[in-house]
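Common to both upcoming complexes is chain A, partnered first by chain B, then by chain C.
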Partner chain A sequence: MLGVAVIILLILTIYPLLFSLFLSFHKWSLTKPGPWRFVGLKNYLSIIQNPVFWRIILNTFIFTFSAVTLQFAAGLGLALLFSREIKGESVLRSLLVLPMMIPPILVGLLWLFMYKKDFGIINNMLKLLRIEPITWLSKPLTAMPAVIIADTWQWTPFMFLLLLAGLRSLPQEIYESSQIDGASFWQTFRYVTLPLLKPVISIAIIIRFMDAFRVFDKIFQLTGGGPGVSTETISLYIYRNGFRYFNMGYASALSYFALIIIIAFSMIYVRVLRRVGER
Partner chain B sequence: MNIFRTLVKILYYFGIAVALALALFPICWAIATSFKSKVDVLATPPVWIFRPILDSYRYITFARIAFPRYLLNSLIISSGATIIAITVGSLAAYALARYRFRGKENIAFWMLSTRMMPAPAVVLPLYVLMRGFRLIDTHLALILTNSIITIPFAVWVMRGFFEEIPVDIEEAALVDGCSRWGIFLRIVLPLSRPGLIVTSLFCMVFSWNEFLFALVLTSTKAKTATVAATEFRGWMETAWGPACASATIIMIPILVITLILQKYLVRGLTMGAVKG
Partner chain C sequence: MRKWLCLIMVVVAFAGFGQGFAAEKPYAGQELKISFIAGFPTNIGLKTLIPEFEKETGIRITIIETGYGVILEKNILDLSAQTGAYDVLHVESLWFPQYLPYLYPINEFMDDPKLFNAAEYDLEDLTSYTPLTLGAFTRDGKLLGLPHLAGIPLNWYRKDLLDRAGLQPPQDVDEYYAYAKKLTRDGVYGVALSASRSGLVDEWLSFFFAYGGAIRPRAEQFLKTTFDNPTALKALELYKRLFDECAPPESLTWEFGEVGSAMQRGVVAMMWNWSNGGSWYDDPEVSTVVGKVGANVPWPGRFGVNGLCIPQDAPNKEAAFEFLKWATSKDIMRRTTLAGGSTPCRISVLMDPQITKKNWWFEALRESGRWSTMYLEIPEWSSMDDALAIEFQKVLTTGLSPAKALRTASENAYKILEEAGYFE
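Entry: the complex of A and B
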């Protein structure tokens, strides 16, 4: 039973991994027919020496950190608003979480439309506040925040749902006793709620971190990585080298750099999961 | 004191209202745009009140872009990937939930890790593989590649559902002479029907939402709706009416499924790590 699943996944995941590894030591272009040429570590070396690569790594981390932080803050705020049962909650909650189920590529499309300079709704709203129209996606200074906002719109509901589930599972007696002890709202939050929520918080943050790190669709649609490389993240960079420049060896070597970072994350995640599982 | 409490209450509902508006506005705006005329779509300042027309929908159905066909492709592909994921995934999940063998957790976590790879890194070698088998631009290619997303998901979530079934029932059946397969087919599967439905719906959504694999592995025959929705970029400006119309059509089934899945969203999106 398990065997079939393992074999299918082996073919679909281990094969690409091994083939990428093989390609990463070769020079091979999809467009030019002919055999691959062994180049040793040349692809890896030229990646490290390329300043663009380091810029892309920096972009990826800026995007990931800011997006996840914003989503966590907004999600926690929302979850606290809902921490007491309110009327019509289930309807409200299912409306609030809609953004996270929409295809990321469409989230990109929706926001691209809203970010347009002249007829975009955002600039027209800002006009009411007497703010001049901004070309959100074509200036390096605003493009990255714009992309982060679109991602935050989509994924805040995820944080909200998880944190709310965590909040609801906390034992009520602790709150009663802390109230009797005269703890203020802030003290209860800081010394009771947060520590108890820690397992859920860590799972939520790591899952979002790993997903934000591999972001592709949304940025691809919004800016395509531009202007310049100011919003280009590691996934877009791999795509550009593989499918625009058809430089398969180079793109494969890049994938391996990404893989190393991802493996580090997933090891942390596995450790957290196991620790939570033991409780 | 009373005034203070009322104020807090007002602020509280105001907060929820703002959150709701922020969450729903982009979706509603796209839906509204899909019913506008060409002129109204690009109007500055934007038009809030207008007579809804179906021009954009007519355009994507009958003009150059045969959107219904791409929707059908999406449906075929996500159904295929879901069927594979449920069949293979539930068997594997059952093995992981009930059997004891060495390296079990490692296999489970390896499956999880397949989900963390950047999509372009995965699709690159798969493109070469599919080209080798002459499967480019076929439904099969996308069904198989989408299973990379759906199988690990199904394994992890179904495992959680199987583990919730009391072992006693299965042991009783075993004592009564039921085979392992019999137990699986006649007891475990029927008992976990809600789990199966939830898992399939999630797999459908993931596959339906997928973009990059479809972009790279298809061109015309097997193109999916998500890829088609991005192709309204014109020479000067995107045809926003048709783009929003196709986005609306893609979103509707997802919105319905989200409402159905409500209770299981946390569990699904964390692959069972948080039961919610």
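Entry: the complex of A and C
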């Protein structure tokens, strides 16, 4: 039985990983006849020398850090609100998690219409406030924030649910003690809640970070990576090279580059957490 | 004994009838899976006629429609894995070089008088519109598809707005800009642009050709100065002026569908857009400018032709050729156009009085066929297009100088060809 499981794991996970690693050292185009050609590290060197790639990595980190920070802040705020008993809590909670249930590509489509200058709801609301409508997706300065907002709308409920579960699992006696000691809300939050919630926060952030780093659907739908490359992220770039230009070797090398970056970040993150924990 | 003789005669009679039936419908019982690009009006018209083909031939047709934005990768992945998923492909000429390794030449079918009646099919009816109809699907003497629908960009304009301003339709690019400036007023923009990353270069190239620019036909002839020269600079500067002074700012995210929609909504006075959407502007259900739109051909556009092709791994190639022949025949192309298709590629259909009465833009479409052109037909064109578009969008959004953008874009385009081995 274990043998069957291992074989399935090998076929579905290990083999594709090893094959794409093998491919990353080759030049292979799906739209040109002929077998793949070994090129050594040429694909990786091309990536390093490509200024567009580094701009895209920067975009990916800007998107990821901004989106995860906003989602954490909003999620924590909502979780604190819901940590006490409120009327109609179950209905409100169900409504809050709805965005998470919508497929990301549809979220992109929804926000694409909402951002439309002539008939989008956001610009209509701005008009009511006598603010000039904004062409959200046509300017580099507003396109990235627009995408971040759409992602935040969808994934804040995820943070909210995790943090709420964490808050509700905290022992109440500590809060009663801090109340007796006369601690203010802010002091309780800073010296009691946050430290106790740290394990849940770490997990929530790392999960969301890995997800946000791989963002594809929303950006594909909203901006296609434009204007220029101002909202292009690594997943979209890999997709473009693999399935628009059909350069499979180069796209495989890009995937491994992205994997190295995310592993490196995760290792740094875990080390920093450990050090903070020791302190 | 008599009973047995009668039984044998009945069996022989049925067998004879079956053979005769099979001779009439040699592909009866076979199924053809056809991949169509979704949304083309011509396909909508053709689908209404398919039951007729099924009845005539006994072939069962299954149509698989896929969106324009994703059909290329879907099909190429299936073709490279040799899944035999399709018998007929709907191939846009721009993607033809990428499909090329997977297509089956149909010369053997066309050379067989039992399979192809050249006089009845009338190839000249296609090539007299423009030789590019067949040229787009021919490589090294092999014909790899039959043209199914054609589209060329035209200048579409609001007749009422031009009349009000005392203007005639522009006859060249400079008039286009001058009129666009004049018509940008009262909440209406002079032009709509498809300035998205996937549409911008196509549109810019029209201005490049209009100013006398040219691209040599072979990739080996591409130079770093092909797009870095005074003509290219003039075209890009014009594009920037149009974007800054005459076009809706959200044009930066538009492709031809949104550009057409802007005309339907009455927010633009002119647009350089594909002829495929000709019927959109006269549809009272979706257009606010019914009867107010005209079209002319002030400069050459790209000849966009879609063809029906047979993949190498198609399980039923002869039956597929029957479909190709039928769908691109004179009669069916005429009837498809009457049923709502808007871009035939046969001159007889483009000149049909009954059709041209309704599809008034066919006069401009006929004229444009005379001087339309095609670009470098290589698999790397998508990445070159993208390399240009990235820099051109920076010109529109970040104030990058057009000269610098052209230099960087040309170097990047040249590098793509270099890495692909064209200069070895």
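Everything that follows uses one rule, which is that the second predicted complex is superposed on the first by the 257 of 279 C-alpha atoms of A that agree within 3 Å, B and C clash if a C-alpha of one lies under 4 Å from a C-alpha of the other, contacts with A are read in each partner's own complex, and residues count from 1 in each chain.
As a convention for this text, contacts are C-beta pairs under 8 Å (C-beta built on N, C-alpha and C of every residue); 3 or more make two chains touch, one makes a residue touch a chain.
Small disclaimer: the values here were computed from a predicted structure and weren't measured.
Of the two partner chains placed by the overlay, only chain C lies in contact with A:138; chain B stays clear of it.
Of the two partner chains, chain C is the only one touched by A:228; chain B is not.
After overlaying the two complexes on the shared chain, residue contacts for A:243 are found with chain B and with chain C alike.
Comparing chain B with chain C, the partner in contact with more residues of chain A is B. By the document's definition of touching, both partners, chain B and chain C, reach A:118. In the superposed model, A:157 lies in contact with chain B only, and not with chain C.
Once chain A of one complex is fitted onto chain A of the other, the partner contacts of A:253 are absent, as it touches neither chain B nor chain C.
When both complexes are overlaid on chain A, the residue A:148 reaches neither chain B nor chain C. Once both structures are placed on chain A, chain A residues 30, 118, 243 are touched by chain B and, in the other complex, by chain C. Interface residues of chain C facing chain A in the complex, by the touch rule stated above, are 72-73, 76-77, 80, 97-101, 196-198, 248-253, 265, 267, 379-380, 382-383, 386, 390-391, 393-394, 396-398, 419-420. Considering their complex, residues 29-33, 46, 52, 116-118, 135, 137-140, 223-230, 240, 243-247 of chain A touch chain C. Against chain B, in their complex, chain A makes its touches with residues 1-2, 4-6, 8-9, 12-13, 15-17, 19-20, 23, 30, 77-78, 81-82, 86, 90, 92-107, 109-114, 118-119, 121, 124, 127, 153, 157-158, 161-162, 165-166, 200, 203-204, 207, 210, 213-214, 216-217, 220-221, 234-236, 238-239, 242-243, 248, 251-252, 254-255, 258-259, 262-263, 265-266, 270, 273, 276. Listing the residues of chain B that touch chain A in their complex gives 12, 15-16, 19-20, 22-24, 26-27, 29-30, 33, 41-46, 84, 88-89, 91-92, 94-96, 99, 107, 109, 111-114, 116-122, 124-126, 128-129, 144-145, 147-148, 151-152, 155, 205, 208-212, 216, 226, 229-230, 238, 240, 243-244, 247, 250-251, 254-255, 257-259, 262, 265-266, 269-270, 273-276.
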